[in-house]
Amino acid sequence: MPGIYVHAVEGRTLDQKRALVKDITAAVVKHFGSPAKAVMVQIVESPKENKAKGGILFSER
Amino acid sequence: MPGIYVHAVEGRTLDQKRALVKDITAAVVKHFGSPAKAVMVQIVESPKENKAKGGILFSER
Amino acid sequence: MPGIYVHAVEGRTLDQKRALVKDITAAVVKHFGSPAKAVMVQIVESPKENKAKGGILFSER
Amino acid sequence: MPGIYVHAVEGRTLDQKRALVKDITAAVVKHFGSPAKAVMVQIVESPKENKAKGGILFSER
Amino acid sequence: MPGIYVHAVEGRTLDQKRALVKDITAAVVKHFGSPAKAVMVQIVESPKENKAKGGILFSER
Amino acid sequence: MPGIYVHAVEGRTLDQKRALVKDITAAVVKHFGSPAKAVMVQIVESPKENKAKGGILFSER
């Protein structure tokens, strides 16, 4: 019963999210042998002012 | 000083949240022996279009 | 399909863990209305040298 | 710079892990448009006595 | 490529967030030897009604 | 009562960990105004075969 959490900045479309969770779920089913219904994927989005790379917020890059 | 994170889809009421964190905290105090004031519970909610089971978003189930 | 993560230092017994996940699951079923089989609880343990309160590692408190 | 965390019980082989992170990374690159080098995947494994479904530890199922 | 997640209640200003991620990144670079560009920091904020200490929601303290 | 989680590959020394949690805690106290005793930092380490960048496990880079 794997739980997968994708931490990302806001701004992806519904189509992008739908496609991502579909493919990640398929990868877990294929490689870890979990039944699909046991795979949970959650996208944890943060606004750009809440995420940084190299110490610089994405809102200021 | 346990930190408990509850990942769930949006939509619970304040009453539901209040009751949940109260009972989870009591369980940690009872079984792990932590003082109540050291127990932190955070509910990390995502919109239904950000969470999937079986590869299908909750917004489309 | 809530996923609950309990972050704690190592050292609890199997009996403590069994009791904790049972009570947390019951709380989620009762207050959030999830079916029990959809509730996943994972205890993420770290050694005492990997966790700190007030800037002091638990291995040195 | 998405960070993906896969929470699972212990016991997968190196081959399973290698294949899983490869496919998850490819899915993030394809659907979220991230450069591959910016995609981080971490598998957070717990022993079976630290994870439960339906309130029952995996070590006792 | 460390990923740092700061779980906090909502309400900090942009200046506070900018300063925090800058100092956390510097600490990881200094002590863990990671290149700055490989350090990702994400602030996961929750409303006060989603976070509790001692079993009491921050919205009711 | 912020909870900070540092996800990293295994291999840092006790001195490195001690210094890191000290500086991260100081940054949270300084910029977010939390009392030191309310700041919890946990380092979630994974073996190199459980973490990947660019789809390649750290054990194979």
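Labels for the chains are A, B, C, D, E and F, by order of writing; each one numbers its residues from 1.
By definition in this document, contacts are C-beta pairs under 8 Å (C-beta built on N, C-alpha and C of every residue); 3 or more make two chains touch, one makes a residue touch a chain.
Since the model is a prediction, treat every value here as computed from it, not as a measurement.
Following the contact convention of this document, A, F is the list of chains adjacent to both chain D and chain E. Counting C-beta pairs in contact across A-D and across A-C shows that the higher total falls to A-D. Fitting chain B to chain D on CA positions gives a rotation angle of 180°, reported to the nearest 5.
Residues touching across the chain E-chain F interface largely coincide between the two copies, over half of the numbers being common to both. Chain centres here are Cα averages; for chain A and chain F they lie 21 Å apart.
Measuring from the averaged C-alpha position of chain B to that of chain F gives a distance of 23 Å. For chain A, the set of residues that touch two or more other chains comprises 1, 3, 5, 7, 26, 40, 42, 44, 51, 53.
Shown are all chain pairs that touch, namely A-B, A-C, A-D, A-E, B-C, B-E, B-F, C-D, C-F, D-E, D-F, E-F. Of all residues in chain A, those touching chain D in their complex are 1-8, 12, 16, 19-20, 23-24, 26-28, 30-32, 51, 53.
Residues of chain C touching chain A in their complex: 1, 3, 40, 42. Listing the residues of chain C that touch chain F in their complex gives 7, 44, 46, 49-57, 59-60. Across the complex, chain A meets chain B through its residues 3, 5, 14, 17-18, 21-22, 25-26, 36-37, 39-45.
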